[in-house]
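There are two complexes below, and they share subunit A, which is joined by subunit B in the first and by subunit C in the second.
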Partner chain A sequence: MPSLSEVQAAFSAAIFDPAAAPPRGVVGPDRRPAPRRFGVYRNNVVSALGNAIAGSFPAVRRIVGEDFFRAMARAYVLAEPPISPVLLDYGTTFPDFIAGFAPAASLPYLHDVARIERLWRESYHAEEAPALAPDALASVPEDELPRIAFSLHPSLRLARSRYAALTVWRMNATDEPVTPVDISAAEDALIVRPGAEVEVRKVPPGGAAFVTALAAGETLLAAAETAQAADARFDLAGNIAGLLAAGALRDIRRA
Partner chain B sequence: MSQTMKTLTMSALIGAVGAAMATFAVPASAAEEAAMEKCYGVSLKGQNDCAAGAHSCAGTSTVDYQGDSFKLVPAGTCTSMETPLGPGSLTPIERGA
Partner chain C sequence: MTAAAFAPMPIPPRAGVGLKPEHYAAILDTAPDIGWFEIHAENYMGAGGPPHRYLTAIRDRYPLSLHGVGLSIGAARPLDKDHLRRLRALNERYQPGLFSEHLAWSSHDTVFMSDLLPVPYNEETLARVADHVDEVQETMGRRMLLENPSTYVAFEASTMSEIEFLKGVVRRTGCGLLLDVNNIHVSATNQRYDAVDYLDAFPIEHVGEIHLAGYAPETDDNGDPLLIDAHDRPIDPLVLRLYERAIARAGAVPTLVEWDNDVPDWPTLFAEAERVEHVLRPARRRSEERSLAVAV
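Up next is the complex of A and B:
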């Protein structure tokens, strides 16, 4: 007689493999195998998980249409069932799945839009924290400024794209009509929730490298040099002001 | 605002921090929003809806599992949104990366 964990593993495997026979022991009132009953159960599991994905990626859903989205979500659910019992976490790998999903290849920006939606949710559920007050830098002595570093706000996320994924996301995050978009312009999005609402901003040139360097713990001077090297158009004053205004910084750390 | 630094000197950095601070001295929002364009926070509709009742019957068909052939193409707003590569087509086409 198989152990309980063996029964559960076989049951679970059969759910996510439509070609698999129903697990042994799944029987109807007549004590005979009940493949149709198991099919209903299997379909409910996959359908419910698909609903969770649909709820998490409303812009992607609008972009590709309901039929395509449902089919793509089903393929994802079967390929990558949840590994955590927390449904909130389900879909973390959906953007990567879309990137490798051949039928969606005609929309090369789609997985980046999905990434914005995923990071939006991460930001929404991230730890609460007050943002650094915009005037806090004024209290740092000038000769210490190059050596300070920052801890960033816990809800801060960065979504980089070779395409205009931010514009596409913004246009599809509501029910407003869409207009043509030049998707060839690369866009980086800064996602942060300083208060109750998640806010999304377009990052200026070099800004993503700057934030990434600060997140890695680099000093203000080193991060500015990194950003300058990444993009000659990098504007330090504008980026510092932008991060302060966004509430993207949490604390000043002095070396 | 538009300082182009070849090498980032300490004075340039101090100047930049000062300039950044100055944007907060102006009362209105124009200066601070210039650096990063704020989009907005979009609330996800029905995020916490419990749809258990709705889908308990929705999946009763087993037809979905009859075949695995994927013939659909994207047909949502992408068909009217893209320009440089042409509008989204209803048939799969090759497009440059």
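Up next is the complex of A and C:
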């Protein structure tokens, strides 16, 4: 008799290979091979994992339509099944998979929309933390301001795109009718959940470089210089006010 | 945010339902008179966010049962220690009245398949499952309930019946059982044995909870009936009749309505729980009368 480990190795290999015959020793009540019965498990696995992906990427699903999405999700499930039983984390690599999925090549912004949805989900499930009060900087002496740094809110995520991925995502995140979009305008999205609701905002010029520098621990002055270098239109006061209003900052750290 | 510790709240012998995000608001807004809720543990394994906020508010008002769907107790490979730790953390945080998992496997190597896959019933599997149940009970610091599965295939490697197997696990580990009556009907139909015989032979004295759900009818390789444990529709009348027989044997036992796919609106799900209460209410009355008689 095969060992339990051998039975399960054969069973799981046949689950992920649609062309494979059911493993030996798996039978119906008449003790005869039962491919259709085994197919129930194959179908359950692929559809359960596909449903997990479908639930996490509703805008991508709306953009490409149900049939295309199901085929793409199925290809992903077979290529990259989850390693953890916590399916909240499944789909982290789906945006990259879409970027390399040839049938979706005509929608070059699609993987960026997927990235917004993935990061939205991470933000939704992120650790809880109070956000810095909007007037918190008032208590910092002016001469110290350039040297302070920030820890960012644990739910903060940044999704950068060469396309108008944020506009496309927003339009497809609800059932509202869609209108034509100029996708050539690059957009960066700030995603944060300081309270119960995930909020997604468009990042002003230079803002993404600024947030990235702050996340790396740079001081306010250094991060402002980094952002200025990235985009000459960078506006420090406007960006700081925007981050505070969004609840994107957690604490002030003094050097 | 540190969660306040909840006082333990035992699961009453009433009808409960599986908690779905679609119903969070309706439950908190209308405070329905329902016995308890059950969660799939894996849906609450994020660090924070709305699921925990809602669950905390609901646990404040109702008893809660914790039901794992991803531990893979029937796997040949060792249990996932990280996953066990996550289960223990949920158990400590929410103080559920019951904790249960499945006689099934869902992980092999590094792959999680998100389905409750069947095991051959023999001595090797029994030893492996018993070791895993021991490890779960030690790690969680509590007794668990093990659920009888729905199955679509059999194994040539099986040498004992499902009931002999379940009795063996109970004898070796001291765990309790979760009796899924829909699974009895589904498996009995699929494996061509008699559901009533199975139920009558079930070690009912170890049952701490019952599950009910709807199934989808399909056909097998010979064109004969094959039932799928779909959890996507009302409880079948045949299953409800089998449930009445289970309650006649067991007395009033906490009973859950599972409806996980094509989730209906809250009034529809609540009405389904009422069908179950219809069976449980007289059983509770009978056991109250019995205990009164003993007291006199």
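What we mean here is this: the second predicted complex is superposed on the first by the 251 of 255 C-alpha atoms of A that agree within 3 Å, B and C clash if a C-alpha of one lies under 4 Å from a C-alpha of the other, contacts with A are read in each partner's own complex, and residues count from 1 in each chain.
As a working rule, contacts are C-beta pairs under 8 Å (C-beta built on N, C-alpha and C of every residue); 3 or more make two chains touch, one makes a residue touch a chain.
The model shown is predicted, which means the values in this text are computed figures rather than measured ones.
Looking at the shared chain after the overlay, A:Ser106 reaches subunit B, while subunit C stays out of its contact range. Contact with both subunit B and subunit C is seen for A:Val40 once the two complexes are overlaid on the shared chain. Put simply, more of the residues of subunit A are touched by B, taking subunit B and subunit C as the two choices. Using the contact criterion defined above for the overlaid structures, shared-chain residue A:Gln228 touches subunit B, although it does not reach subunit C. Look at A:Ala75: by the touch rule set out above, it reaches subunit B but stays clear of subunit C.
Of the two partner chains, both subunit B and subunit C are touched by A:Ala48.
When the shared chain is aligned, subunit B comes close enough to touch A:Leu137, but subunit C does not.
Contact with subunit C, but none with subunit B, is seen for A:Ser5 once the two complexes are overlaid on the shared chain. Within subunit A, the residues touching subunit B in one complex and subunit C in the other are 36, 40, 44-45, 48, 193. Those residues of subunit A whose C-beta lies close enough to touch subunit C in the complex are 1-5, 7-9, 11-12, 15-16, 22, 25-32, 34-38, 40-41, 44-45, 48-49, 52, 81-88, 124-129, 154-155, 193, 196.
Contact residues on subunit C toward subunit A in their complex (touch as defined above): 1, 42-43, 45-53, 69-72, 75-77, 80, 83, 86, 105-115, 117, 119-120, 122, 124-125, 128, 152-157, 190-192, 218-222, 226, 228.
Contacts from subunit B toward subunit A in the complex involve residues 1-5, 8, 10, 12-21, 23-24, 31-47, 49, 51-52, 55-56, 58-62, 64-65, 68, 70, 72-78, 80-85, 88-89, 92-93, 95, 97. Across the complex, subunit A meets subunit B through its residues 18, 36, 39-40, 42-48, 51, 55-56, 58, 61-69, 71, 74-75, 103-104, 106-108, 110, 120-121, 134-135, 137-138, 142-143, 145-146, 166, 168, 170-174, 178-184, 189-190, 193, 197-204, 207, 220-221, 224-225, 228, 232, 235-246.
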